[in-house]
Amino acid sequence: MTGFEIRNEDYADRVRGSFASQGFMAALGARLTRVAPGSVEIQVPFNKELTQQHGFFHGGVIGAIADTAGGYASYTLMGGSDSVLTIEYKLNFMAPADGATLISRGRVLRPGRRVTVCQSDVFVVRDGAEKLCATMLGTFMILPNMADEPAAQG
Amino acid sequence: MTGFEIRNEDYADRVRGSFASQGFMAALGARLTRVAPGSVEIQVPFNKELTQQHGFFHGGVIGAIADTAGGYASYTLMGGSDSVLTIEYKLNFMAPADGATLISRGRVLRPGRRVTVCQSDVFVVRDGAEKLCATMLGTFMILPNMADEPAAQG
Amino acid sequence: MTGFEIRNEDYADRVRGSFASQGFMAALGARLTRVAPGSVEIQVPFNKELTQQHGFFHGGVIGAIADTAGGYASYTLMGGSDSVLTIEYKLNFMAPADGATLISRGRVLRPGRRVTVCQSDVFVVRDGAEKLCATMLGTFMILPNMADEPAAQG
Amino acid sequence: MTGFEIRNEDYADRVRGSFASQGFMAALGARLTRVAPGSVEIQVPFNKELTQQHGFFHGGVIGAIADTAGGYASYTLMGGSDSVLTIEYKLNFMAPADGATLISRGRVLRPGRRVTVCQSDVFVVRDGAEKLCATMLGTFMILPNMADEPAAQG
């Protein structure tokens, strides 16, 4: 019961299929841990290849899964022939991402016919406790009647 | 001749050293191709591990090198005992990143005692021509008398 | 019970005094309708001087009270000798601001020693119902031991 | 010679007409001082009704003319039957707006069929010298075949 209208019953399969085709998500070790109408969760276990100079998760990993969770949260509410594109996002870092797992939870704030606004909160899990380490506010465009394919942006 | 005041003659070595200690930049195959007062360039060659679902560079790679180029551009103007932290950034995607190399050029718009504002333009190189594919506007904090070390944020 | 630490018992008086000294808030007809630890509400009644070309509240009014509510939400948690400065904000418009009253509710997402992250939601009231028309994510700097006075930024 | 394609020869008249119908721009005392393909300039003379608590131009005035200059810069490149909507913007404050006149210069960074990305720089003029006090990066949507009229957003 999210209040969101579902326009495509296969939304979860479409999200999972698109996620699986992103080489970068695989390289990060990212897993799609939840797909629901208007929300998506992505988790990344710690790995030395994902660090910044202090040995914590790099901000680039945080940004990547914040953006991706927001985009797929948008995608859950789209029609079966639509594609999604990130227009822009803004990310605030709030605490060092020092922990064993990074979790990004994206949710739709405002669905639209042309653009959808989403927020993603990114948490780091340390000793079993979650800590908010970043938040993202972003805008995603719906490309109607476009396969999940490259398109001239804009 | 940039008009920026240099507060640490070793700025280029410090940037190169810090960059080299980021596991994530190595994992992306990123190279620091220019360090100058108030500006930094980073390049990433194409690789299937860096793709989104259409086979182009993933937005997460773009965000990672936009943020990193902005942060190190700030760092070039800091004192020898300062550390730098990304407070936040905003990234607009402008064209698909379809090409052989991604180039991020970060520059300081406004240096400050406490915070520095930077812009990074990200280009994709295809058939030898550069195309602007994203731009970032971000805010970086100076942590005085702090080794380039983990710190409680904020 | 907000979980926020109050560092200055007079926070509400300080916020009200600073708000009252802003000529622009008076010119907008803005009223401070709530001040609590970590949150502030501002209301603006409709007026033809506040419109864009379609006769709705102008985005500039929305931005002004979103930023101001975020800044004063930060200010409620500061020490008695601190001052506050907006570093930056990002504002997403989500629906036309067509109504009789505009309400901005700012709240602290993450208080900090140096910077505080806030979110403001802006609602328009029409026929007694509130509709979310914009959301702001912003960063505010604490200037310690500085009267609520002009300061070199950064 | 801007490199931008003009799709409507009457662009300057349309911008001037739309600007003139904004009650808020009139209330600010804002004047449209330049309209060219892909760029627009707005000026606001100082007035006590436009101040924050230190007697400088309020950030809300800066945001209003940054957004408006960006939106009209977009509008100069649109077709004769298109309308424009601000999707979102991000504004960084860089120096106190202490001066006699505020000048916002908006320019198109990337025109698009659906969305246009613009940047506005805001300067304050004091003793005849301009100082950069803020910069905005924003996204504007084109509404085709829509009078410059209210529209359901998104």
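For reference, chains read A, B, C and D in written order, and residue numbers begin at 1 within each chain.
Keep this in mind: a residue touches a chain if its C-beta (ideal position, glycine included) is under 8 Å from a C-beta of that chain, and two chains touch if they have at least 3 such contacts.
Computed from a predicted model, the values in this text were never measured in an experiment.
Mostly identical positions are employed by chain A and chain D in their mutual contact, as over half of the interface residue numbers are shared between these two copies. Simply put, of A-B and B-C, more C-beta pairs touch at A-B. Our note on geometry: chain A versus chain B, Cα centroid distance of 22 Å, whole angstroms.
Chain B and chain C have centres, each the mean of its CA atoms, that are 32 Å apart. Looking at chain D, one finds that residues 87-88, 90, 92, 94-95, 110, 117, 139, 152-154 touch two or more other chains. By the touch criterion given at the top, residues 90, 92, 94-95, 109-110, 117, 119, 132, 135, 137, 139 of chain C touch chain A in their complex.
Against chain C, in their complex, chain B makes its touches with residues 87-88, 90, 110-117, 139, 141, 152-154.
By the touch criterion given at the top, residues 18, 21-28, 48-56, 58-61, 63-65, 67-68, 85-96, 98, 148-154 of chain D touch chain C in their complex.
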